[in-house]
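There's a structure below that I have some questions on.
Each chain gets a letter, A, B, C, D and E, in the order it is written, and its residues are counted from 1.
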Amino acid sequence: MQKIGVFVCWCGSNISATVDVKKVAEVLKAEPGVVVSENYQYMCSENGQALIRNAIKEHGLTGVVVCSCSPRMHEATFRKTCESAGINPYMVEIANIREQCSWIHKDIEEATEKAIILGRTAIAKLKLNAPLTAGESAVTKRALVIGGGIAGIQSALDIAEAGFEVDIVEQSPTIGGNMAKLDKTFPTLDCAACILTPKMVDCAQNDKIDIMTFSEIESVKGFVGNFKVEIRRKARFVNEKTCTGCGVCMQKCPAKKGLNEFNMGLNNRPAIYIPFAQAIPNVAIIDPEQCLKIKNGKCGLCSMNCQVNAIDYTMKDEIVEREYGAIVVATGYKPISLENFNEYGYDTYKDVVTSLEFERIMNAAGPTNGQLVRPSDGKHPHVITFIQCVGSRDTSGCGKPYCSKICCMYTAKHAMLLREKYPDTEVHVFYIDVRTPGKNYDEFFRRAVEQYDVDYIKGMVGKVYKEGDKLMVQGSDLINDEQVIIPSDMVVLAAAIEPNPSVRKIATMLTASIDTNNFLTEAHAKLRPVESPTAGIFLSGVCQGPKDIPETVSQASACAAKVIGLLAKDTLKCNACVAHSDEMICTGCSVCENVCPYGAITYVDKEFRLGGGKTEVRRVAQVNPAVCQGCGACTVTCPSGAMDLKGFSTKQIMAEVDAVCKR
Amino acid sequence: MQRLENAVLSKAKELLESGKVSRVLGWTKGEFCYDVSPCVFNTVDELKNFVYNGFCGANLSKYLINESKKEGKIAVFLKPCDTYSYNQLVKEHRIKVENVYAVGVECQGKFDIEKFYAKGVGFVASVEEGLTEVKVNGETVLNRNDVKLERCLVCNKKHVAGEEIVELNEKLPSDSDRFEMVKKLEAMTADERFAFWKKELSKCIRCNACRNVCPACNCTKCVFDNPNSEVSAKANATSFEEQMFHIIRAFHVAGRCTDCGECSRVCPQNIPLHLLNRKFISDIDKLYGEYQAGEDTTSKGPLTSFTKEDAEPSDAVGGNK
Amino acid sequence: MQEINKERKPLIVAFCCNWCSYAGADLAGSSRLSYPANVKIIRVPCSCRVNPLFILKAFQRGADGVILCGCHPGDCHYTTGNYYTRRRMSLLFSMLDYLGIERERTRVEWVSAAEGAKFSNVMNDFAKTINELGENKRLEDLRCKD
Amino acid sequence: MEKSEQIKLIKERSGTDAKKCMKCGKCSGRCPAYADMDIKPHQFVSYIEKGEIDKLLNSKSLFTCLTCFACVERCPRGVAPAAIIEAVRQEVIRMQGENRVKAEEIPEIVDDKIPQQLLVSMFRKYNK
Amino acid sequence: MKAILKDKLNLLYEEISKKCELYLPTKEKGALNFKKFDGENEVDIESLQTVKSAKDFFFPQTEDMVNFKTEGKNIEIIDAREKIETYVIFGVRACDYKSFEILDRVFLVEPVDTMYKNRRENAVIFTLACNNPHASCFCKNFGIDASSPKGDVECYDVDGYLFFNPLTEKGAQIVNGLTCLEEVKGEDKVDALKKDITKKIEKLPFSNLDLSKFKGENLMELFNRPEWEELSEACLGCGTCTFVCPTCQCFDIRDFKTNSGIKRFRCWDSCMYSDFTQMAAENPRKTQMQRYRQRFMHKLCYYPSNNDGIYSCVGCGRCVKKCPQSLNIVKVIKKIGGEKND
């Protein structure tokens, strides 16, 4: 039997004006289990708390009910009070007789009656409380960053800067991501490579950062502070440690038919190649699909010419296992495939290109060495038409329902660069809306119109077709209320962007939730935008939603701050009110696992004694208290009631229901 | 249909003889043709009591929870509807599939002995089964549909699990709407519905036959048996407990119920319990897209998944005022 | 005490999630927005903690109306809890209706921590509905009313 | 009939939600009959939403629209301008209560640019 | 003999129900059960059997025993037993009537179960001969004569009349006080009916079972028979057989928390349930086979050993009809009862 103390707070006149606090204390004293019942002006004051502490000692209380303001206000206070007097902080219940009683009722009799019922309800619940202890788990002081684009690089650098070790796992042979492919960046028009490559080099040189390129996540186990990750290091057939990146092999390689991924396939590269001049690591890689030696055993020229013997045609994938305390997802994006948009002729006409391809064409290190020429015939184009929102804001099912956010700005950038570099060109932009929120963004766009004479046409393109040498771009001009046809030499499509396809698999492994567009879901749209609901998983860059570079970098740094905050702790205090499964009842049916947003539930085969020396092996659910956040979704999904929630147990809530219904 | 029995029996023999399985879960003869019981056969010799006829209506899948835990492989004969329950149990990790050799068996609908009595046949000594007709005691010819269990009249289930199928005739399709009665009830006024269910549920003797036969009700300990659940009871002391037991039972199997109809088949008071489950199925179909529990072994059930555009509870309520 | 109990007022049990609706109720309180005293709030971590058994239990014990309040869909503190609530309660309420039990006695409302006024309005409105319906007679347990 | 009623009917008949339009004009950008239209496909969507029923009922575009569905095909928002045009057309025809197209008038309308298919479908639709 | 035309039966029911409460087999939603007469019952005395047996009258499925009223820290104890007036149960079959004798041996021996006694003593039982026994009936094995069903008043349904044969004083008192009855010569017809019934029963498939093995001295042998495994294999562990059985008498005592205290009540329990007989939180019979064996051993061996060889089964056949998997006591008797069963 518990010994319960009831403490009724006046809250000055806030409560006592409408609730007869003395009567409440008196009536509750008669409840079974209650040994002391007091009232006081301000229970939360030092004196009020002392009253509670003394009562606990004097009467040997096992639990405390405080009738006062909302538990959201002072539950923590009174828990501490009780803890300091030697009883478990979870043996405290609050009856909210201020916000939910005295402040909303005027009739004293009515409010007093309600306060008594609320007090009884708290007593009823408290009788079923059990002392709870929040568990602790150690933190592995190492972070994993999945993705080596600008988001991943920035997060990794910031985490490393704080003194923690970071691994970057990148699926392609070099870090740098999409940003490395860009020519200039808006709204300042500075060179992307100039600002990105120093950061890439920083990563490579930082001894806290370990870069694993051409690698993929194989499996993830564990939970916040204690992840175990298997990483597949795919065979690149070149020893990363010995290769000096001299590039001789590239020149000697006779198989030069591979599409250059870095240049969006606009030109070719050899079977052994370094993705681009500033690649990190600056190490060659063999494309086994192209390599003659690997395909049919005849060749070996690269190996013969390699002075450091870095080439190993028999190299196999390798799995490394590492432990981490936190994981950053920075998997980035790719432009969508345009197969659903044949009206723009992307697949038909070589001179219809995507914006990212156009970046490469404009780039000095690109396939045309920075010369603006048409892919079809290498001629200099004079009329260039841009089409925006290709596949963005599309709810018809062909594209993506969201705004890709960056297209308006980069299209303005392209238009401006074109007009700047080639004043002889005529530039048209079909747009639906021009969206330029951001510092200096609208000014930037206006410059394109006002200073560079770019022709912005409000309306969408209906079709692109060829007449002679020209691409005829037919669209609406809604302002002039006419249908226009613009004979162009080149058409640039601002294709929507979508999360990197690899993210689905990764999200599943991380049990991080993902939305219908494959963007990772943040823990809270406003207040926790860089965390996944799954503890220990953080979101950096476009994997969470479309972003431009400054936003990506700020999110990456915010993300790093969160990771640093986590890794700075030696242990993690877990939520004490967690779910737990009664293994004697659990059937292991796995429905609870389906609704757990945190992946806190796992199943084990466990042996149970049946009596008479017999045993039975049953599959039962186990909750990881370090991961469970205590929502209780599992408890209702479980038909047998094996799953219950500490602090809000089925019995407790039922007892509260009983108590509030008692008349 | 004698041919079907022979085919099933020889399949059982073959499986046991070949050592492919060490046990067979099938049916054993009763005192009459209609009181057959599920049974595990360990040897070919024991198969002399094996029987397979239109009264083999029980769903065998639930027995596999325990049987598949035992040593050795067990063969089981499953009607189309049983295969859905089987899949659902596999999905919920209740059956060790590696210990089961599932054989689908043709089904043209199983019999309800009460319907023979209702047709004026006082004693059923023998039934010769045809696809659409049956001959009772060698003389009375009845329409097969007139003596089928309710669930079989609306059944269009196919075999969705099993290593092989014993089938001599293709299953005759049903064009009846299984939600007909649900719709009828929904069209009634709330008062009429209340009166209907009050009468039906007041018959309940809480014998738990519906629960214990239900393949979805496979909890180690049911909440209603668990003194810690605050709702445990061995009898319906009031009409509230009648309502609660059946609402909660239907809710616990919602999205998992394959509509196998066993609950209604076994109810000693003939309460149409399937109408509760079908209401949930019909609501789920309407609100969240058609879903047939047990059609596969991997999909998430409708109550353990969601979409952001789901209907609000205020809009989702079915039935007239 | 006994005198007050004589006149039987309808009783409403409100399950409120800790993060949105309970906070919304607090805001209603600190804004002094009143609602009837026969609304009794039970705090749960998330609306998805509310088991249909609790709702039936409340009716058994003599509640005349049960309302479930949670964060707006998409705003759940635990990201997905209220989506499950929405499905579960849609089905449960539909079933109650199917059994002829007045559908107005059960309700789900999404109330955010900022919606003190909404909380009070919802409770006033619900209390009015329940007052009009009168005593719960279709899902009652007479043993509890002795 | 009340105007609002009429608009409701047309919307219902068209089965399309004009509110989904984001005013990109892609429908009109693609329309092959654009030049012959007084009210353009995108304007149909806009007018129906704004309740300009009279303008629509009197539009010449109703009978210049080829019903080629290019606008439907191309709309990124799943709006179907052609369906709205069709619904308005139906409305006009129903209001007239008579044959819109009479066999003897055909020679007058026909010129060598009109596709035969159109004639057949027109006859099917506009003749009772 | 006193009699009434069958199509005037409603007059009879109305007249009895004016004097005291009357319960009779009533069809509701496709199931036949005893219901209190309220003028609108769909009475069915042709069908052989109610789903639930007549034992409910004396030993209902749930029954309040005592109430505790709590206020603060005080507890008040209130006797929950009701005062019972005389009432009539109409249409009890011979097997069900026989079951009362079996139950009496449990509830009316010291210490007497006052609740049972109260209800039992105040009942006037009108029994009904079984014109059409069913293939599942096997009452003959237990010395029951379905053609003379005993009770306070025996009723015979013959020739468009229902004839009454009062056997006890309280039966006669009621019958003689009924104004709607007329005097009809019917002894011959009733005798003919009895003979017919006896003939029909003789022909029933289960009328001559061999129960010779079920004796106290064979207890251990029967208990250890290997056949129990296969007999119980398909058992679902539900309580259908128990709850439709007229002689099952187990109950559980439970507390229900009301809004003002606690109601202590008893309710039927079934030895087939895994949570039956929770001793130190465990059922000593851990497997369904053990529980299955318990039920039938009790009926056929333990009970007779303690009660002058009377079996605790009346052959009503309810379990035969209602078991979801067609397991039943006849199959048990045939398997391990005696040689003549083969």
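The criterion applied here is as follows: contacts are C-beta pairs under 8 Å (C-beta built on N, C-alpha and C of every residue); 3 or more make two chains touch, one makes a residue touch a chain.
From a predicted model like this one, the values you see are computed outputs, not experimental measurements.
K.L.:
Identify the chains in contact with chain D as well as chain E, in label order.
P.N.:
Expected: A.
K.L.:
Give me the step distance from chain B to chain C, shortest route via touching chains only.
P.N.:
1
K.L.:
Contact counts by the stated rule: is the higher one at A-E or A-D?
P.N.:
Of the two interfaces, A-E and A-D, more C-beta pairs touch across A-D.
K.L.:
Which chain has its C-alpha centroid farthest away from the centroid of chain B?
P.N.:
D
K.L.:
Based on CA centres, what chain would you say lies at the far end from chain A?
P.N.:
That would be chain E.
K.L.:
Measuring centre to centre with CA averages, how many angstrom lie between chain B and chain E?
P.N.:
Those two chain centres are 30 Å apart.
K.L.:
In whole angstrom, how far does the Cα centroid of chain C sit from the Cα centroid of chain D?
P.N.:
Spacing between the chain centres: roughly 51 Å.
K.L.:
In whole angstrom, what separates the CA-based centres of chain C and chain E?
P.N.:
One centre to the other, that is 46 Å.
K.L.:
Check each residue of chain C and list the ones that touch at least two other chains.
P.N.:
Residues 52-53, 57, 61-62, 74, 80, 84, 88, 143-144 of chain C each touch two or more of the other chains.
K.L.:
Can you list the residues of chain E that touch 2 or more other chains?
P.N.:
256, 259, in rising order.
K.L.:
All pairs of touching chains?
P.N.:
So, checking each combination of chains, I get A-B, A-C, A-D, A-E, B-C, B-E, C-E as the touching pairs.
K.L.:
Over in the complex, which chain E residues touch chain C? Could you list them?
P.N.:
Residues of chain E touching chain C: 256, 258-260, 263.
K.L.:
What part of chain C is in contact with chain B in the complex they form?
P.N.:
52-53, 56-57, 59-60, 73-74, 80, 83-84, 86-103, 106-108, 138-143
K.L.:
Give every residue of chain A touching chain E within the complex, in rising order.
P.N.:
For chain A paired with chain E, touching residues are 30-32, 610-612, 658, 661-663.
K.L.:
For chain A, which residues are in contact with chain B within the complex?
P.N.:
516, 584-591, 594-595, 603, 616-619, 637, 639-642, 650-651, 654
K.L.:
Quick one: in the complex, what on chain B touches chain E?
P.N.:
Listed in rising order, the residues of chain B that touch chain E are 30-32, 34-40, 58, 63, 122-123, 199-200, 203, 205-209, 211-213, 225, 233-237, 262, 265-266, 268-271.
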